[in-house]
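Same chain, two partners: subunit A is paired with subunit B first, then with subunit C.
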Partner chain A sequence: MLDDFNFRIIFEYMPLFLTGLRNTFFISIVSIMLALMTGTIACACRISSIKLLRYPAIAYIEIIRSTPLLVQIYFLYFGLPTLGVRVPEIQTGIIALMLNSGAYIAEIIRAGITSVDDGQIEAGVSSGLNYFQRMRFIILPQALGATVPPLLGQSIVLVKDSALLSLISVMELTRCGQTMTSERFMPSEAFLTVAFFYMCIYFCLKSLADWSQKKLIFREAY
Partner chain B sequence: MMAFYFSRLVEIFPFFLKGLWMTTQIAFISLFTCTILGFVLGILRSGKNRIIKWLIGVYVSFVRGTPFVVQVFIVFFILPEWGIQLKAFPAALLAMGIMGSAFICEIVSGGISAISKGQWEAGTASGLTLIQQLRLVIIPQAMKVILPPLVGQYVLLIKDTSVVSVIGVMELTRVGWVTVMRIPEGLMVFSLVGALYFVISYPLILLSNYLERRMAI
Partner chain C sequence: MIEFKHVNKWFGKLHVLNDVNLDIDPGEVLVICGPSGSGKSTLIRCINRLENIQEGEIIVDGVPVHDKKTNLTKLRADIGFVFQQFHLYPHMTVLQNVMLAPVNVKKMSSAAAEKISKEKLTQVGLTDKAGAYPAQLSGGQQQRVAIARGLAMSPKIMLFDEPTSALDPEMIGEVLDVMVNLVSEGMTMCVVTHEMGFAKKVADRVLFMDFGKIIETGRPDEFFDNPQTLRAADFISKILTH
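Coming up: the complex of A and B.
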């Protein structure tokens, strides 16, 4: 099956793969930062009592969640030039990832906020804790516990989603595999190497997520 | 110019419906096979055989650790090197099947592990066979935990069918991509594509939310 697997060619292409890996890292980190901001703002609008803020936020979140990311990427990639906005593909890609993950992050943050019971705050007030003490000892430990593990899960999804940017010719990891396939026609070597790199990123983030799950999830004393 | 392109778009609308039909076919077949395979794998994973558990674990982490596009490329480009030639449509179904069953397997084994050990023991004590225990005791209770994320996973699977457009399956996203080459109105074309996806997946999202509320009590 893989008896003529050619490691030499992989090493020959290693600089290309490392560039791709660096770009994947760059795209993922920038997008997750921007998505956190978008998500926080969208969540604040979503739970606000002002209808003018709430309804657009709901529309944004639901539209993003019920259409495929690839369609959103194409929408921006083919749509922005018709509006007269000409930006490099990589920026289009980052905007698409930001908008997509932002909607999911808004829902994660909302779940985290609503998971802290009102009674907890009241209990804090009646125990004589001031605002900062309540935040430090009661609210944040619980809200963070419910938010950080799913946020890390979302960042795993985002790294994998960034592979779709290869379709609008952003030079990231998957695109390197495509390039190598079209130059040498060695798809096994190319795509298995790409898969290997993604697995490495996945395991790092996964163990971080599992660790945070153990450390941060607030457990009631039985 | 906008109006001209709009009338062109209305003219070729049947083309989009064809794409929608293709997407529905892929989604339906793969949801069906993934559910069956996912349940079988999930039940095997919560069994006792260590080797089977380990093998399923490796498979699940491979699928979860790599992007779906890469999996599609692996199925479409690498299988021919091993002597298995597949056309785009079966290759798409195979890739969807591999991906979906791994995710559903995780959901099912998670649901089964949420059931306390006492339930299994009670089943054994009542003289039920292993299959009977699963069918009559464990699965009905686990369904409460499984169902909401399962429907959520269905939405993700339907959306992921858009990725198989990369190997040239003429489904909705591919139709949009082909259209935008002739009608250079990206916003219009992909709003239409998005709206058609919305029509299929939004009801499922609502169903998933409803189940989550219902099962939480």
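Coming up: the complex of A and C.
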């Protein structure tokens, strides 16, 4: 099989792939940052006792989690212009990824917060600490520790999900593979290269996740 | 010091506190016992308003606890609470656990808070564990840290909710010793416990509860040796034979 493999063509298309890699990287980083912000705000609203904040947050989280990302992307891509909002593809893609991951991140953070034992919160209450002090000194330090590994997991998912943006012609990695395939008809070479670059990103994020987990376990034991 | 006036509380349909009237003097040591679900934990949790009440009034040191205008932070700062499950903060060292409230609630300087925290740790016999994390301590040691955490706020009252029930038998003694030591300092204490030895040794009064009602109160020796009600007698025989 490898006899038929044309490695030369891969190098010929390397500049295109590197552009794709750069775009995937850029889209992922920006989306993760925005999704973290969205998720934190959505989570704060979700656990709020004010119904006017809580119910919209529940609606947002449930709608996103119950529909496919591709549908969400198409909805924004085709839907927004009919509403009179014209956004370039790459921004549309970032918004879609941000909204999608934001909902999952909101639930991850919420799980972290609820994982902190109620008894500790009562201990804080009974020694006179107010809500913000309990959040700052008791809940968040433990919740954040518990959420770092799943958040990095969600980041890995987001990087791979960004491949769907190729369907709205954003020039990211997968789109580069499609471009090369349609120009030269060499899908094996094209998508092997694409897969290789995704794996590179994946292993970077995974080693970050492993490292942070080790650090957390170490801190809990000691 | 603590006064219950016709206190009623319901959890849904369950009547957990049924017309409770109680007067606890400064320096008094009150032991509360009774079968599980009798409302004894709820009773002491109402004192620092971990639970709300529906009817009646609780007055602590002249302050109506369940009044909307009451400054709860100040009230709670004066009442130490020790839980059955210790509830130490696992991500902080022993010293940080004890110092947290003095620094953030009483706004003490960290040097002053550290000084009083170390004093209290010495009082519970854990001077050398200041830098340890809760997970490195035995149950008895954790509970003693929890007591030191309460004491570091220089409270007027200490409440104990079954402080030895989650401990291995050989660790109960060390926790009770610390509590006996507190009694000799004249602390006002309410202790939910079935430790008869402790009650006989230091309690001024034993209070027996069942179905949310105070069934019987009396001096510990009278209560344990000669209970006035059938239910109390039945309960005592059960904790004795078991």
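Throughout what follows, the second predicted complex is superposed on the first by the 194 of 222 C-alpha atoms of A that agree within 3 Å, B and C clash if a C-alpha of one lies under 4 Å from a C-alpha of the other, contacts with A are read in each partner's own complex, and residues count from 1 in each chain.
Just so we're on the same page, a residue touches a chain if its C-beta (ideal position, glycine included) is under 8 Å from a C-beta of that chain, and two chains touch if they have at least 3 such contacts.
Since the structure is predicted, the reported quantities are computational estimates derived from the model, not experimental observations.
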Inset, instruction - Answer with first, second, both or neither: which of subunit B and subunit C does A:N130 touch in the superposed model? - result: second
Legend entry - Broader residue contact with subunit A after superposition on the shared chain, subunit B or subunit C: B
Inset, instruction - Identify the partner contact of A:S48: answer first if only subunit B is touched, second if only subunit C is, both if each is, neither if none is. - result: neither
Inset, instruction - With the two complexes superposed on chain A, say which partner A:E62 touches: subunit B (first), subunit C (second), both, or neither. - result: first
Inset, instruction - Please work out whether A:S182 is in contact with subunit B alone, subunit C alone, both, or neither, and reply first, second, both or neither. - result: neither
Inset, instruction - State whether A:N6 touches subunit B only (first), subunit C only (second), both chains, or neither. - result: neither
Inset, instruction - Answer with first, second, both or neither: which of subunit B and subunit C does A:F191 touch in the superposed model? - result: first
Inset, instruction - Report for A:L167: first if it touches subunit B alone, second if subunit C alone, otherwise both or neither. - result: first
Inset, instruction - In the complex, go through subunit B and note every residue touching subunit A. - result: 61-62, 64-70, 73-74, 77-78, 81-82, 155, 159-163, 165-166, 173, 176-177, 180, 184-187, 189-191, 193-194, 197-198, 201-202, 205
Legend entry - subunit B partner contacts - residues on subunit A that touch it in the complex: 1, 62-63, 65-72, 74-75, 77-83, 160-164, 166-167, 174, 177-178, 181, 187-188, 191-192, 194-195, 198-199, 202-203, 206
Legend entry - For the subunit A and subunit C complex, residues of the former touching the latter: 117, 119-120, 122-123, 125-130, 133, 137-138, 141-142, 145, 219-222
Inset, instruction - In the complex, go through subunit C and note every residue touching subunit A. - result: 48, 50, 72-74, 76-77, 79-81, 83, 85, 87-91, 100-101, 104-105, 133, 135-136, 146, 149-150, 153
